[in-house]
C-alpha cells in the first residue's frame, strides 16, 4: 500500500532475497500488531506523521491499558488516549507512569510528548465555558510538539478583548478558534489573519445552540474564506489538523 | 375586546342610548370590513400602532387590488403590500396610484408613508447579497415614518469596515442587522451598542447556510445578550418590530 | 474602539500628554481586567448599557466567585451570574453577601439591583410549567431596574384568561411572552398590543414540542408582525432585550 | 378479510354451493379490479365509508382517465381525483363529463357528489394564502356530502375577527382549521369549542415556516387538548377525517 | 367571549339590573379562579366539554394539590392531573382521596370519573412497549366516560393477530392506534375501518425511530386517508380528541 | 392469511370435517397464544423463518419471563430476548436456565441456538467502540445457526488493516459492516466484495456523528451500489437480515 | 489489492518473468482504463459481480458516450447508465445501438442484458406513483439477469389487494418493496415472508412525507426484523443488493 | 485595527505630522473604498494574504463590473468573482478583458493569476459528478498561485484506482478531497497521508445524500484525525484554506 515499501519488497522478491509467499505474508502482517481485541497501528506515525490515538469509549479500562502498552512498546513517539472516562484514566496512569491527563468529564492522556518545535500556534477560545475543549486541543498540541499560545475569553461580544491580539493572530503559523453558541469568533478571526484558521465548534450554550450544531454550521458558512472546521467539541481533531499543516513536507515524503 | 371601547359601549347600553342587540351587533361588525374573500382590519392600526400589511402570496392580483383599495378607503395611514409578485405589484400600482415599490423577486409596495419621525434607526447589512432584505426593511421603515440610516457591506470578515461606524451604532435608537451565511454580524453589533438590536437572518449563502437556518440559529444563540431575531428574510417583520419599540407609549394607551 | 475614547486619546497624544507607546498600551489594557483565566469586562456597561453577565456553565465555583468579585469591585452597577448550578450559587452567595438567587435546576444570582425605573414591563407566561423561565426573566429585569408585572397562566387554550388583561398589554412599554408547546401566545399577544413583544420559547412540553424548537419556530413564523424572539429558555436574554429597548437614548450616546 | 363475508363464503362452501377452489379464487379476485397498471378498489367504500381517491402524481393523464372510468363504472358514489396537474384534470374532465375541479397548482376533481347531510362542518382558515388548501378541503367535503361553512381570514393576529364566530364554532359538529406560518389558530379554536378540531398545517409562509413543518409541529404540540392534525397541505385528508367522524355508526357496521 | 353570556349581560345592563362597571368587572373575573400562582379554569368544561387537565411538569407537589383541590371544589365533573411525577402523585392522592393513578415514569391521576357512555372506543397498540401510552389513553377515556376496548400487541409484523379483530375495528365508534417504531399500524387500521382513527406515535424504539418522530411523520404521511394524529406519547390528547368527536352536539350547543 | 392453510381449512369445511363456525374460530385463534398482556407468535417461525424476538423495553421482568416461557414451551427453535435491561436479563436467566447473554448496557439473551450451518458470514467492525453492536449481531447470528467470522478494528483510517482481509470478504456468503462516526467502512467493503453487505450504523462518536445519524445517512448514500442498511445500533436486525438472505428457498416455500 | 492477483504477480517477479518495475506499473495500470476525464473500472465486475454503473449527473452527454463506449469495448457483460437526463439518453442510444431505456424524468439505460437466471424476485410497489422507482429497479434487475415479478398497487390501505399475493411473497428468493408516504408496506411484507426484503423509500407524497425521509426512517425503524433499506428513490441500488444476495458464492470466490 | 499601522499613525500624531482629527478620519476611511453600494476591501490582501473575492449572488451585473473594476484598479494581485451567473460572467468578461471563467451553472472568474509557486497541492475528487466543484477549487488555486495536481474519479468503491496514487498523496503539501454521496474518500485519504486534508462535501447524489449534508457530516465525523472541512460545494473556500496554510509566515507578519 505504501508504494515505496511495495517496490522494495518487489525488488527483494525479484532478486530472490525474499520468497513470494513470505512477501505476501509480510504485506499482511507488517503494519499492525493484532493483540486479540484490537489491531494496534505502529505504522500510522510513519504513514501520516500522526500517532494513533486510542479512542476510549467502548473499551474496558483493561483494554485501554493493553493498547496503550502496545503503543508505548512499539515506538518512541507520543502516545495519546482520548475521551477516557475516570476509570480508564486512572488505570492507564497507574499502569503506564509518566502520563499527563487533561479534562473534566472525559480526559486526554498523553505520554512521551514530542520535543517542542518553533512554530507559533494560537488557541483562541470565546468564553470560559469553551475552555475544556480548548484545553484538550492545547494538551494534544503540546504532546505533539506544538505547545500553543492561549487566548481565552476573547468572544466577539467584547471585541476590545480580541483587537489587542490582532498582531499575535496575524503572525501565528496557525490559529485554532474554539467557540460555542453562535461561533462567530471564527469568522472574525478569519478576517483578521491570513494564517490557517481551524474552527472547533463546542456544545456550549443551550436552546438554539443545539448542542454545537449552530456553531458548526456557522463556522462552515463563514463569510471569511478559507476557514475550516472539525467536528463538535473535537479539540483533539483540531490539534491533529494543525500537526498536519505544520509538518515539514520532507517529514512526509 | 378593547376594554375601553367595551366599557363605553356598556355605558351606552346602560344609559339607553344603544339597545343591547345593537351592541352585540356592533361588537361583531365594527373592527373589520368583510369584503367577501377577506376581512380587512381597519382596527389594527388603532390597536397595535401597526397598519395591516396585506400578504401577497396566495391572493390573485385582483384580490390584492381590492384589499389595498379597502384599506386606502378605510383610513389615512400607511398601507403596505408585502411579498407581491410582479403581476400583483403591477396591478396594484396601476389601480392605486401613488404607491412605491421595492424589491426584485418579490416586492414591498407602500402608499401614504407616515411623516418622518426624529428617531435614528440603523439598518446594517453584511454583504451586498443581503441587500434585498435590507431594502425591504428600509422601505417598510420609511413607509412607517422611520427612514433609516443604511450601513451596507459591513460584514465581520472585514471589521475595519464596521469599526468606524461604532459611534453611529452606539447612538442609534434601534439597529437592524441583516446578515446571511453565519450571521455573525448580529453578535458583533450587539457587543458594540446598547441599542435594541433586531437581527434578520437572510437566506443568502449556499451549502451549510441551509437557506438561512444557520444564520437564524446563530442569531438566537448569540453571545451578545439581548439580541432578538425575526424570521428568515423577514425585513418587513424587523421594521414592524422597530415601530413597536419606538412607538411613544402614549400612542398605544 | 470606542471612537470618542479613541479621539480623546489621540488628542492626548497630539498635545504630548500621552506618549504614543503608552497610548497603544492603554488601548490594549484598558477595557478589561485579565484575572488569569478570564477577562472581566468592566467596560461593557458603559459600552452597551448592560452589565456583563457571568455565564456559569464550564466554570468552577471558585472561578465564579473570583469573577463575580472582580465585577463587584470594578463598578457599582448590577452584577449577574446566569445558569449557575447549586454549587456555584452556594459559593457565590457565601463569598459575596447580598445576592439574590432565583431558579430551580439552574440559578440566576444578582447583586446590587439598579434602582427601579418607571417603565411598565409585562412578563406573560402561558402555563405554570413556563414559570421557571419567566422567573429568570423577571429576576433579571428587577436586577436591571425594570421590575415587571407578571401575568401567569394566560395560555391561548383559555382566551378568557387573557382577554381581561388586554388593557394592561396595550399600555405596557414592553411585553415579554414566555411560552412552550406551540408558543401561540406570542402571536395572540402580538395582535393585541402595539408594544414591543419579545417572545421566549421554552422547552416545556414533550414529543412534538421538540424541547422548545417548535415554540421557537412558531414565534419566528408568527403571523403578528414585529414579534421578535430570543433563544429557547433564554429568560435572561429577553430581559436584556427589554433593557436595550427601554434605555434612554441619552444613556447610550 | 371482511369477517362477515368470509363466514358467508365458508357457509357456502360448507353447504356445497361453492366449491373450495372457487372460494379461494373469489377471495383473491373479489375486492378490486385489476386494470393492468392499477388495482381499483371498488370495495373500499363499503369497507371504510370513504371512496377511493385516485392520487394523481406519477400517473399519466391516460391512466387517470382509465382509473376514474373504472371507479365511475364500478359504483354510484362519489369519485375523487386528488393532486391532479393541469393535463390530468383536462383529460379526465373531457373523458368523464360532469366533474367539478378546484385548485390552482394542483386540482381536486370530483364526480357524483353525495347528497348533502345535515351536519355542520366549519372550515376556518387563517389567511387568504391558506385558501387553496381550505378550498381543497371544502370541495372534498362537498363531494362527500358535507358541504361546509367557511370562515376565512380569521387568523389570531386579529382576534376580533374570530371572536364573533365563537357561537358557530361552539355548535359545529366538526371544525377544520387550516393555517400556515405558526399555526396558532388551531390552539385558539381548540380552546373555544368542544367540537372535534382537525388541524391542517399549510406550507404558507417563508423562512422559519419551513414549508409547513412549523405549523405542523405547533398543531401537534397544541396546548388545547384533543386537537388532531393531518399532514401538511392535506385538505383532502382533513375532509376524509371529518367523514370518518361524522359517519353514522350504523353505516359502518 | 361566550356570545350568549355576553348578550345576557348586556341585557342586564340595558334593563338596569347590572351597572356597566360591574359588567366589565364580571367579564374579567367570572371564568376562572385566580389562586395566586395559577388561574383555574372552571369554565372550560362548559366551553369545550373537556375538563381542564392539570399539567404536572414545572409545578411543585403543593401547587398540584392546590389546583386539583380548586377544581374538585369548583365543579362535579372529572378532574385529571397529567404527567405527574411520583412526588406529585403521592401528594395529590394523599390530599384528595378517591383518585386513581396510572403509569410508570409519569402518572395520570383522575378523580370522579364520568358515568360510562354507550359508545365503543377501541385502543389498539402495536407492541407491549407501547402499553404505557395506551394505558394513559385508556385511563383518560375511562375518566371521561368512555372506557375503551383494548387490543394489545397487534403490530403489523404479525397481521394474523390483527385480522381477527377487523369486525371490532369496523364497528367501533372511534379507534385510537398507539404505535412506535415505524407506526405502520395506523395506516393498516385506517384501511380496515371507516371509523375515526386517532393515531398516537410513541417514543418506543431506538436509532432510526428518532424518539417517536419517525412514527409521527409516518402517521401524518399515511396512505390511508382521514387518519389523524396527536403528538408523540400523547395518550391523554388522543383521549380528549375522542371525547370531542363523540360528544353529542347538543352537549356543546 | 397463509393461503395454503386457508385452502386446507376450506377443503375441510367443504368435506364436512370442519363446520364453518369452527373454521372462522380457528382462523381467529390459531396463530398466536394470548397470554393476557401479549400475543405470543408461535406461528412466525413457520411464516418467516425467523423466531419472534421478545423486545425488552416497556415490559416488566415478570412479563419477559412469561413471554419467553410461552415461546420456549410453544416450539423447539431458538428464542431471543433483545434490549433487555439488567433486571430483565437476570430474571429470565434465573427462570429459564440454559440462556446465553451478551452485551453491556442492554443485553441479548438467547436460548436453544439453532445448529450451525455451513455458510460463511463475516461481521466486520470499524473500531473497538463499535464492538457492543457487533457483539449483539454475532450473538444473534450464532443463535440463529450462523456463527460468524469476526473482523474487528478494520476502520478505513488504516486501510492496511482491512486490505489483507479482502480474500475473506470476497468469498463470504454475507458481510455485516458495523461502523459509527462516518460509516465509511461500508462503502469500502462494498467495493471489495460482491457478497451482500448489510451495514449497521452505530451511535459511536460525538458531535457531528449525531448519535449514529451521520453513519446511517452515509451508508444509505454509499457510492458502492447494493449496500443495504438497517437502523442505528441494530445488530439484531442485521442478523435477521442475514438469516433471511441465507435461508434456503425450500425452507420458505 | 486482489490478493490472488498480487500473489501471481509476485510469483512472476520471483521467477523472473516479470521485472519489479513492470510489476509496480501493472499494479497501477491494470484495473481501470484512464480515458482522461474518468477512470473506467473494467475490473469491478470480476471483483464484485456487479458491472460498473455510469452515474449520469455531472457528466456531459459526450462523456457519457465515451465512458459507455469504453465499458462496452472492455468486456461482454451488462453495461448500465443511471440517472441520465434526456440529452444523455438520446446521445448514448444514438452512439451505442441496442440499448434499452426506462424512466421519465431520469433514465436508466442498459446494454447487453445478462441471460435470465431462475431465481424469483418480486418487486412490490405501494402505489402507482411509486412506479417510476419500481420500473428503474425492475429494468436494472432484468439487465442483471433477474427479471422480476411485479406486484403493483398493493399499498397497506387496502390489505385485500396484498393478501392474495402472500404465497408469492413467501416463496420468492427476494422481495423489493418500493413505497413512499409512510412506507408501511415494507413492515407488512416483512411479516409475511422470510425472504430477504430490500426496502426502497420513494419521494412520493407531499408535506409530512419530507420527500422520502419519512418512508426511509419508517423502513429503518421497521418492527419486522431483518428488513433492510437502500437510499431514497434508489431503485438501481436495490437491484444491485438483490444481485449481491442471489449471486452464487462460487461466482464470487 | 492593524496595530502596526495604528502605532505609526499615533507616532505621526505624536510628532505633529498628522493632526488628531485627521488621524481619526484616516482610520475610518483608509482600508476600503466606498463605491456607493459596496465597500471594496483593498486592504484585505495585506491583512490576510487573500484577495477579496466578490460574491456574485444578489448583485446586478453592473455592480459586479464596478466592484471588479475597483479591485483591479486598486492593486495588482489576483481578483476573483465567485458564484457568478451567466449574465454577470458575460458582463465582467466584456468589461474587464483578460479574465478566465470556470464552471457550469455558476462561474468563478479570475483575473491576474498570481505567479505559480512550487508547492504541490492535490485536488482529488470521488466521481465525475463532483468535478464542477473540484474545477472551481482548482481554478481558484491556480489564480492564487497554486495550480494543483488533479486526481479525478478515485472514489472508494474502487480502491484500486486510489491506491496507485498513495505516493502522490503522501508527498503533497496539501490535499483537497472533493466528494459527495457519503464522502468516504476524505477518511480514506486522511489515513493515507500526513498532509493537511481539506474536505469539500458536494451536493452530488440524491435521496439520503440530503444535498451534501450527509457528506458534510461524514467528513466532520471522520475517523481519520485532523481532517478538516469547508461548507458544501465550497471549492473556492477550500482553495482559500490551502492558501492560508501554505502562505509563508513571513508573508503574513
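To keep things simple, chains are lettered A, B, C, D, E, F, G and H as they appear, and every chain counts its residues starting from 1.
One rule holds in what follows: a residue touches a chain if its C-beta (ideal position, glycine included) is under 8 Å from a C-beta of that chain, and two chains touch if they have at least 3 such contacts.
Just so you know, these numbers come straight off a predicted model, no measurement behind them.
Hopping across touching chains, the smallest step count from chain B to chain G is 2.
By number of C-beta pairs in contact, C-E leads when C-E and B-E are compared.
At the chain F-chain G interface, residue numbers used by both copies make up over half of all numbers present, so the two copies contact each other through mostly the same positions. Taking each chain's centre as the mean of its CA atoms, H is the chain most distant from chain E. In whole angstrom, the spacing between the mean C-alpha positions of chain A and chain G is 39. Separating the centre of chain G from that of chain H, both taken as means of CA atoms, is a distance of 37 Å. Mean C-alpha positions place chain A and chain H at a centre distance of 25 Å.
Shared contact sites, meaning residues of chain D that touch two or more other chains, fall at 1, 3, 27, 44, 127, 158-159, 163-164, 190-192, 207-209, 216, 220-222, 225, 231-232. Interface residues of chain E facing chain B in the complex, by the touch rule stated above, are 3, 6-7, 10-11, 13-14, 16, 19-21, 23-24, 27.
Across the complex, chain B is touched by residues 1-4, 44, 47-50, 53, 163-164, 166-167, 170-171, 173-174, 190-198, 216, 220-222, 225-232, 236-237, 239-245, 247, 249, 251-253 of chain C. Put simply, chain A touches chain B in their complex at residues 126-127, 155-159, 181-184, 186-188, 190-192, 205, 207-210, 213-215, 217-225.
Residues 127-132, 152-154, 158-161, 163-164, 204, 206-209 of chain G are the ones that touch chain D when the two sit in their complex. Listing the residues of chain H that touch chain B in their complex gives 1-2, 27-32, 37-39, 41, 43-44, 52, 55, 57-59, 63, 83, 201, 203, 212, 216, 231-234.
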